[in-house]
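The chains carry the letters A, B and C, assigned in the order they are written, with residues numbered from 1 in each.
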Amino acid sequence: MKRLVFVLLLLASPAFARDETTIFAAASLSGAFKEMGKKYRFNFAGSQQLAAQLEQGAPADVFASADEQWMSYAREHGLIAGEPRVFARNRLVVITPKSNPGRVDRIADLARPGVKVLIGVENVPIGRYARQVLTKHSSDFARRVLGNVVSQEENVKAIVTKIALGEADAGFVYVSDATPAVRRMPIPDEVNVIAAYPIAVVKNAPHAEAAQAFVNFLLSREGQAILVKHGFLPAENSRP
Amino acid sequence: MLVGESGSGKTTALRLLAGLLEPAEGRIELDGLTYFDSSRNLSVVPHKRPIGYVAQDYALFPHLNVLENVAFGLRALRMPAPLRRASELLERFGITDLAERRPAQLSGGQQQRVALARALAIEPRLLLLDEPLAALDLSTRRVVRAELIRLLAELPCVTIYVTHSPAEALLFGERVTVLEKGRVSQSGARDDLLRHPRSSYVAEFLGLNLYRGVVGSRTDDGLVRVSVEGGELFLAEDAPIGEEIHVVVDPREVVLSTERPQGSARNVFVGPIEEIAPEPPLGERVRVSVGSRPALIAEVTRAAASAMALAPGRMAYASFKATGARAYR
Amino acid sequence: MIRAAAVGAGVLLLLLLGIPIASLILRVPAASLATRMADPAIQEALRLSLVTTLISTLLIVLIGTPVAYVLATRDFPGKRVVETLIDLPMVLPPTVAGLALLLAFGRMGIAGKILGFGLPFTTLAVIVAQVFMAAPFFIAPARAGFAALDRRLLDAAATLRASEGYAFARVVLPLTLPSLTAGAAMACARALGEFGATITFAGNLPGVTQTMPLAVYVAFQSDLEAAIVLSVLLMILSFGLLLGLRAATGRMGPASSLAAPIAR
């Protein structure tokens, strides 16, 4: 009987035995964050999903969101300790398959009937940002492009994959997500949005010190360099 | 009648005729029509053959009641008024009161009647019965046997009745075919079987001593030598040299003695007694198997056997006269 | 001792299944249930789920029945491979299956290029994903049902002038109906709950590809109340479908009357 209990505990232990700092981060940060160090345990998902998990009591040390909205949500629900800091920014870009089957060369082409557009779900940061870009152009433009949407994806990586496979004609993603597997079509600065990525230490984090160290590292010159390398824009007024 | 031991191929033969099994080679012809011919690559599917089949376990459809079971073939043929015809059949078999019941609710004898009615409903030209009495208990068997004899006599179709019991075969059949290990060892009228058995299977059942042998030379005193397995017999019959014949010796013609007999019998053999079995009904007579070469079975009175103190293992002489044996081709 | 362990295990299982379901039901804000139901978005997801699941189940039964029959009664070279292939979706993670479907039937996929058009982002793709994932759940029990059928009954039917088709309809089907129904119910439930392959292959667009499971997932992140309502609706839907299927075939099935005692 004792053996059985021991085995069961052993099986359940990965959740407890790991003494690593746990980082909840938006999916678009996966590439950059993994380079930050091997001693961290990461949970990459849509920011909205992470916020919900935190609310349900999932154990984490750091929360890095892809937009302010979900960080505010976390703050309102008393899930973070201290003030959030913006550690990176991002811009949006339209990606198309390399062969460009939809012949999307300018942003106006997105409104052409028959073009298959991928966009994030409304409550996911990339989805919100993309809709902002469209509305900045004109509400009529937004309506027509949204009429061309064939699927609303839950996270930005799914959009990249489906475009890389050539299944849709165009999709809205972060600049940092545009891999060499897809073709980029830049969005004019006037209508583009700047996504701000806030980060905060989670309230009652098991490894509060390590968590703060991680945040500090991100804001340091080294951390910022890694982020820029992965296509992000540096945080404004970042510490040198 | 198709009779043979288990494994001799009786059921296989029926399945071949029905088309449920295909022979590797051969031809099946019924009523002048060919239903299978391997040389012409011809094979007619079972449901197009004019046969009726009653399997050993009846294979009644469990999800249909008796009436629907009997009507099944009629419906498959899209005949008009299937239920009416089926009811008529039920009446003929005296099972109208079972019409609504399911097969699981019937006794063995009742199931058999339903299976028969079902097979006959489609008026087959050939009826195949696979051991119809085997699944019944003894008392039911007697009753059903009598019914069957009557029924089969009335039927317009040809019936092939398969059984492992030679008794049944001799009781029912006009023509009897004996199957041994997948081959036909004898086929003919019933009486021929009784008088001139050609298979050890039947001979054993009839309780006769049967030998197959080749005719040899004549002896000086005019008897014919016949070499059989294990030895030589002397017969009084006339037969050309070299001919292959059957020799049958009724056990009642065999005389037993504990010392070499001095009488006129020309066939004398010696061997250890293997078995002494009482003959029904009263055991007044006993059958003694002697392990001589060739082996012999003798039938003597119990009194005689005990007088001679016959017992298994004891050496005994078995003899019969040359005129006590019958030979035929 | 064994009896106590069995009862204990049974209670544990009931709790494991019952408590989450009860929690779901208890959290539904009763008043908002009605208003939520009126929400066109929810109605759309409901309608889409119902329509696609019913069509998928129908397709699975129509195509799966002959396949299961052949697998149960005949031997052919490569049968093992075919069987493994058919069972594969049962163990494949749905997202993996979705990816495979994408690579096959996507616009740029192997079959897609031949067909000239891609399936993704269409309602048809939803049905394809459901059929792909749920078919094995029907074929396995159907196959077992066919294999368990007494071959001698088919022989008898043949000697009674029944062609193979007639025998199939009048003997095989009535006797295997319980297995077929159980399989259809399982496949239906699986299709109704299908998520991973759907979102990967068909996509997520309200009214076109956003079935109930997808709607729940999306709602979960922004509107917990809506998510709960949708989940409960989904549960009621599944329950209703399963019960309906059982009732419909329970009346037709011969199983009950086969249990009649033998009169001796």
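Methods note: a residue touches a chain if its C-beta (ideal position, glycine included) is under 8 Å from a C-beta of that chain, and two chains touch if they have at least 3 such contacts.
For clarity, every value in this text was computed on a predicted model and none was experimentally measured.
Colleague: Let me spell it out: compute each chain's centre from its C-alpha atoms, then which one is farthest from chain A's centre?
Modeller: If we average the C-alpha coordinates per chain, B ends up farthest from chain A.
Colleague: Of all the chains shown, whose C-alpha centre falls nearest the centre of every protein C-alpha atom combined?
Modeller: Here the chain at the core of the arrangement is C.
Colleague: Can you compute the centre-to-centre distance for chain A and chain B, using the mean CA position of each chain? Integer Å is fine.
Modeller: Spacing between the chain centres: roughly 88 Å.
Colleague: Can you give the whole-Å distance between the Cα centres of chain A and chain C?
Modeller: Their C-alpha centroids are separated by 35 Å.
Colleague: Can you work out the whole-Å distance between the CA centroids of chain B and chain C?
Modeller: 56
Colleague: Name, in rising order, each residue of chain A that touches chain C in their complex.
Modeller: 46, 48-49, 51-52, 97, 101, 116, 121-124, 149-154, 158, 162, 165-168
Colleague: Residues of chain B touching chain C in their complex?
Modeller: Against chain C, chain B makes touches at 15, 18-20, 45-48, 51-53, 55, 57, 59-63, 72-73, 75-77, 101-102, 104-107, 118-119, 122.
Colleague: Of all residues in chain C, which touch chain A in the complex?
Modeller: For chain C paired with chain A, touching residues are 102-103, 106-108, 118, 120-121, 199-200, 202-206, 208-210, 217-218, 220-222, 224.
Colleague: Contact residues on chain C for chain B in the complex?
Modeller: Interface residues on chain C, with respect to chain B: 150, 152-153, 155-164, 166, 170-171, 174-175, 254, 257-258, 260-264.
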